[in-house]
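Across the two complexes that follow, chain A remains constant while its partner is chain B and subsequently chain C.
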Partner chain A sequence: MEFELERDAFADAVAWTARGLPSRPVVPVTAGVVLEVTDGALLVSGFDFEVLNRIEVPVTDKSPGRVLVSGRLLAEIARALPPKDVRVAVEGNRLAVRCGSARFNLPLMQVEDYPVVPELPATSGTVRGDVFATAVAQVTTAASRDETLPMLTGVRMEVTPDELIFAATDRYRLAERHVPWQPSDDVASRSVIIPAKTLSDAAKSLGSASDVVLSFGSEGGGFIGFSANGRQTLTRLLDGEFVKFASLWPTESTTTAEVEIAPFVDAVKRVSLVAQRFAPVRMSFDENRVQLSAEAEDESSAEEELEVGVTGEPLTIGFNAGYLLDGLTAVKAPRATLSFTTPARPTVITPVTGLADPDTANSTGEQTYRYLVMSMRLRG
Partner chain B sequence: MRLVIARCQVDYLGRLTAHLPMAPRLLLVKADGSVSVHADDRAYKPLNWMSPPCSLAEQPDRWTVTNRAGERLIIEIDEVLHDSVHELGADPGLVKDGVEAHLQALLAAHTTVLGAGFTLVRREYPTAIGPVDLLCRDAAGLVVAVEVKRRGEIDGVEQLTRYVELLNRDPGLAPVTGLFAAQQIKPQARTLAVDRGIRCVTVDYDELRGADSDELRLF
Partner chain C sequence: MGRSADLPRPAVRADGRPDDTGCGVLHVDMDAFYALVEIRERPELAGSPVVVAGGSTRGVVLSASYEARAFGVRSAMPAARARRLCPQAVFLPPHFPRYTEVSAGVMALFRSITPLVEPLSLDEAFLDVSGSLRRLGMSPAMVGEWIRGEVFDAHRVTCSVGVAPSKFAAKLASGMAKPDGLLVVPAGGVLQFLHPLPVSALWGVGARTAEALHQLGCETVADVAATPLAALRRAVGGAVAEQLHALSQGHDERQVVPDAPEKSVGAEETFDVDVADRAAMHRELLRLAERAAAALRRRGLRGRTVALKLRYPDFTTVSRSRTLVEPTDAGRAIMAVARELLDAHLPAGARVRLLGVRVEQLMAGGGTEQLTLQETGPGWSDADRAADAARSRFGSAAVRPATLLDTAAADPRSAAAHPDPGGSHESCE
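Take a look at the complex of A and B:
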């Protein structure tokens, strides 16, 4: 096997693949990256039984072959190479990397022992890259990081003929985002649960593409693929039934507040400085203003007052500052509406927008994002 | 266990010398022969002590504790405020894996958490290489060996693999499959288990115990 390509393309390809490799691999061969030259190009891939990352780069002066080398070492070498063309060739049982006057020889790992990688399921449709990246970021913020209930560490994606509906929850908040997509003709409505961490990584790395291709094939495939710009991420889907979350959305509200997000977020952050980790930030909404306050057991306290548009009954409610801030920053709009029912019921945060902005509303101006956050009990 | 509260001053003569001026203190004389001098602070930590083996020579106003190296703890007693002896007997010891044992008991009582239609054959099923935590039968009547852990790590999967392999040699039980049940399963352990055909189940200890926190949650 032999090929030549530009240094930056090589370094990017190897770095992107190596980043997804396990730091402590269960099977030693999964610490490696596979370099494969076929008639078209060079494929660099890494697989840890859960996630497959694969990138295709055009190369010149090639002869076909497939080898496995340490991913971490190759990425470090590639990053340190001078800005000249890189020539990679198999010489005996080693991989020779030459660039300018620099030469490296790496031992080859046993490519025969490499696990069988999953096949990319049939193409299901495409979604706009920037919309996909925003939507995934807005939803994964609410996914659980606690492995106790694996299903909650995932994002549920519901597939309908014209929309993808992403949702995630960690029992304390719930985020839901509708995204328009272009399905291939024969895609049946269904839903899958995608590991949130992998989905988030994939969305970040593919978000700059104009279109991201989704491949999840037919029911029971077990894998989903995201591809764009020659990059491909395949991840195992999570088993199980997702929480029935539709009924969690309140159907009515007694008080609503419209806030300008930036100053409100700043005020919540300031006040929460004195709130201990699990202590609530108290908010009293009343006639076009909100009073924020927090106190700690050592009797330190903070207060701040802001003008906001309040309609409905006055209300005092407590929040976990982190969960509230996650929602306020995820709406990605200058203003947001907070809809309350009672202090012991969850609050809905939605962006305020009059425009058909694809990031916040669909073509008919309906909101496409909402975030539900549970309140905290206020003591005393 | 002898508890003495006394106004005393203490001198330690050995590899280093130390002096505690006259003050009221708690003196503990334990069944192992050790003597320790406590002030009313620093939790479990004495001001000065002599570890066993050592011997205590008691005079009315002066205790001398000597160890084999010839180091001496000399306690000059001005006034005894309290002196009592209590027979504590042998201590049952600190049980640190209580949660794991309790988890096993709870799962034995609620086998359906492991899978629909699961029934218990027995807890601590004996094998030549140690007891299997739970032996169950699934809905189809096939035998499932269950390993219960608080934190599911690779060594737990290895242990279960050995049990399954051994149990499968018994024609009365085979085919036996493995099930790894833990409160939390490390991704690597999960991967290894799946690779070996072992199913993983994460269990919610608090939910099993019926105890939920009083935090407000969406569900």
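Take a look at the complex of A and C:
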């Protein structure tokens, strides 16, 4: 095997693939990246039994072949190379990397021992790259990071003929985002649960593409693929049934507040400085203003008052500042509406939509994003 | 107390036992601690002189059995000298993990009696039991005897207890009760107890101060008490003089100060018979989790890490813990984690001797709680609080999870008397 390409393309390809490799692999070969050259293209791939990352770049192809080398070492070398063309060749049982006057030799790993990688399921449709990236970020913020509840570390994606509906919850928050998409032919309505971490990584790295291709094939395939710009992420889906969240959205509210997000976020951050971790920030909504306050065990305290548009009953409620801020920043709009019923019932944050704003409203002007946050019980 | 406190008290009650009314301070001191723990491990050494001494030939005596002390062996003496004094003694190196474990068990026992526990070292502590007497239905001396029994039953080592109205007198009393004894200094008999003692018995009197006092003609505490404060000041300096003067008059206002902020709250249970039945273990975990949660709520704390302690019949002890996303003070949440840990780590069919549940990473904020989506409205947390209120009025058996009800009738622990007569301890560290 032998090929040539420019330094940046090589470094990007290796870095993108090696990034997902396990630091403590279950089997040693999965710490490696596979380099495969065929027909003027280099395919770099890494697989840890859960996630497959694969990237294709055009190269000057001298001879085809397939080898396995340490991903981390190759990525470090590629990153450090001078800005010259790179020549990579198998020499005996080593991989030689030459760039300018630098020369490296890496031992080859046993490519025959590499696990069989999953097939990419049949193409299901496409979604706009920037919309996909925003939507995934808006939803994964509410996904659980607690591995003891595996299901909640996933994002549920519901597939309908004209929309993808993403939702995630960690039992304290719940986020939901509707995204238009273009299914290929007739894709059956169904839902899948995608590991939030992988989905988030894929959306970030593919979001710059105009379109991202989704491939999840038919029911029971067990994998979903995201492809754009020659990059492909394939991940195992989570088994099981997602929590029933549809009924958790409140159907009415007794108090609503419309806030300008930036100053409100700043005020919450300031007041929460004195609140210890896991302690609530208290908010009293009343007559077009909100009073924010927090106090700590050592009797330090903070207060701030803001003008906001309040409709309905006065209300005092407590929040974990982090959970509230996640929702306020995720709405991606200048203004948001907070809808309350009682302090112990869910609060819903929605963007105040401008017309024809594709990030926050669909073609009929309906909101496409909502974030539910549970309050904290206040003492006394 | 009113005027009755001013009246002279008889040192002995009508039933012949010393009057321990008003003696809320206990000083508990383990007897020849390291040596007795070693003898427990090697029962064939019982009754013979045993010396625990630090490693090298230049080591010092850390602990000596009473048989060795009879030959003049003392703590802190060079080991070489101890060998000369008592060549027939068995010299052993120290095993600190053993002492630490016994100490932790003993301190946990103390904390199940009162939160006011002031450990002085691994092997001694002050307890202020005055607030616990009514709940326990015991007098201070009865608590002391109960502790001595519990410590011996659980750890096979003896301790001595001083019972007195002040720390100073309690500490002197435990020293005089040794070994394996208990001494009450009645509230009305402190001076009578103190005055015959040599001046060196007074807190803060070392060799140099003792020498200064001797030159002043003071041999006993009574002599110090009779010396004008001004004369004491000239002899030993102002601060020491005032302290000695107060102590010699029986005045010691120092409170029992519990250790720095609690790092964990928990409860554990040694079964009378090793248990293999998983359902019985789950029931016990629920009971322990409920107790830990109630202890958290009493202190206005929440905790984020739940630790399970398992001791097998061969005394192998393992601890497993998990950290929650949100801190809790709810028995149900603690139970859920403890049970998961048990089921994940205890092999099927294995027997256990002890189960413990501990909540760590404590923080303030009792009463506040992050609500979850499933539990809108009045939830389990409210139920826990309501049950606490009922328990505080009607006793611990008043409200409990239904799965604990079937064991209630046969379970002596459900009786109102606390602490539990079994090997059951609640503790904070």
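Just so it is clear, the second predicted complex is superposed on the first by the 378 of 380 C-alpha atoms of A that agree within 3 Å, B and C clash if a C-alpha of one lies under 4 Å from a C-alpha of the other, contacts with A are read in each partner's own complex, and residues count from 1 in each chain.
The criterion applied here is as follows: a residue touches a chain if its C-beta (ideal position, glycine included) is under 8 Å from a C-beta of that chain, and two chains touch if they have at least 3 such contacts.
Keep in mind it's a predicted model, so treat the numbers as computed, not measured.
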**OP:** Could you tell me whether chain B and chain C fit or clash when both sit on chain A in the superposition?
**Re:** clash
Original post:
Which of the two partners, first being chain B and second being chain C, lies in contact with A:50: first, second, both, or neither?
Top reply: first
**OP:** Would you check which partner chain A:378 touches, where first means chain B only, second means chain C only, and both and neither mean what they say?
**Re:** second
**OP:** With the two complexes superposed on chain A, say which partner A:144 touches: chain B (first), chain C (second), both, or neither.
**Re:** second
Original post:
First (chain B), second (chain C), both or neither: which does A:90 touch?
Top reply: neither
Original post:
Once the shared chain is lined up, is A:22 touching chain B (first), chain C (second), both, or neither of them?
Top reply: first
**OP:** Classify the contacts of A:73 with the two partner chains as first (chain B alone), second (chain C alone), both, or neither.
**Re:** neither
Subject >> Greater chain A contact set [chain C / chain B] >> reply: C
**OP:** Give one of first, second, both or neither to describe whether A:280 is in contact with chain B, with chain C, with both, or with none.
**Re:** second
Original post:
So which chain C segment collides with chain B once the two are superposed: 6-14, 168-176 or 240-248?
Top reply: 168-176
**OP:** Enumerate the residues of chain A that count as touching chain B in its complex and touching chain C in the other.
**Re:** 148, 169, 171-172, 174, 243, 245, 248, 344, 346, 372, 374-377
Original post:
Touching chain C in the complex: which residues of chain A?
Top reply: 144-146, 148, 169-172, 174, 243, 245, 248, 276-280, 297, 318, 320, 323, 344-346, 372, 374-380
Original post:
Once bound in the complex, which stretches of chain B touch chain A?
Top reply: 154, 183-185, 187-188, 191-192, 194-195, 202, 204, 214-219
**OP:** Going by the contact rule at the top, pick out the chain A residues touching chain B in the complex.
**Re:** 22, 24, 26, 48-50, 147-150, 169, 171-174, 243, 245, 248, 344, 346, 372, 374-377
Original post:
Can you name the residues of chain C that touch chain A in the complex?
Top reply: 302, 304, 322, 325-327, 340, 363-374, 376-377, 381
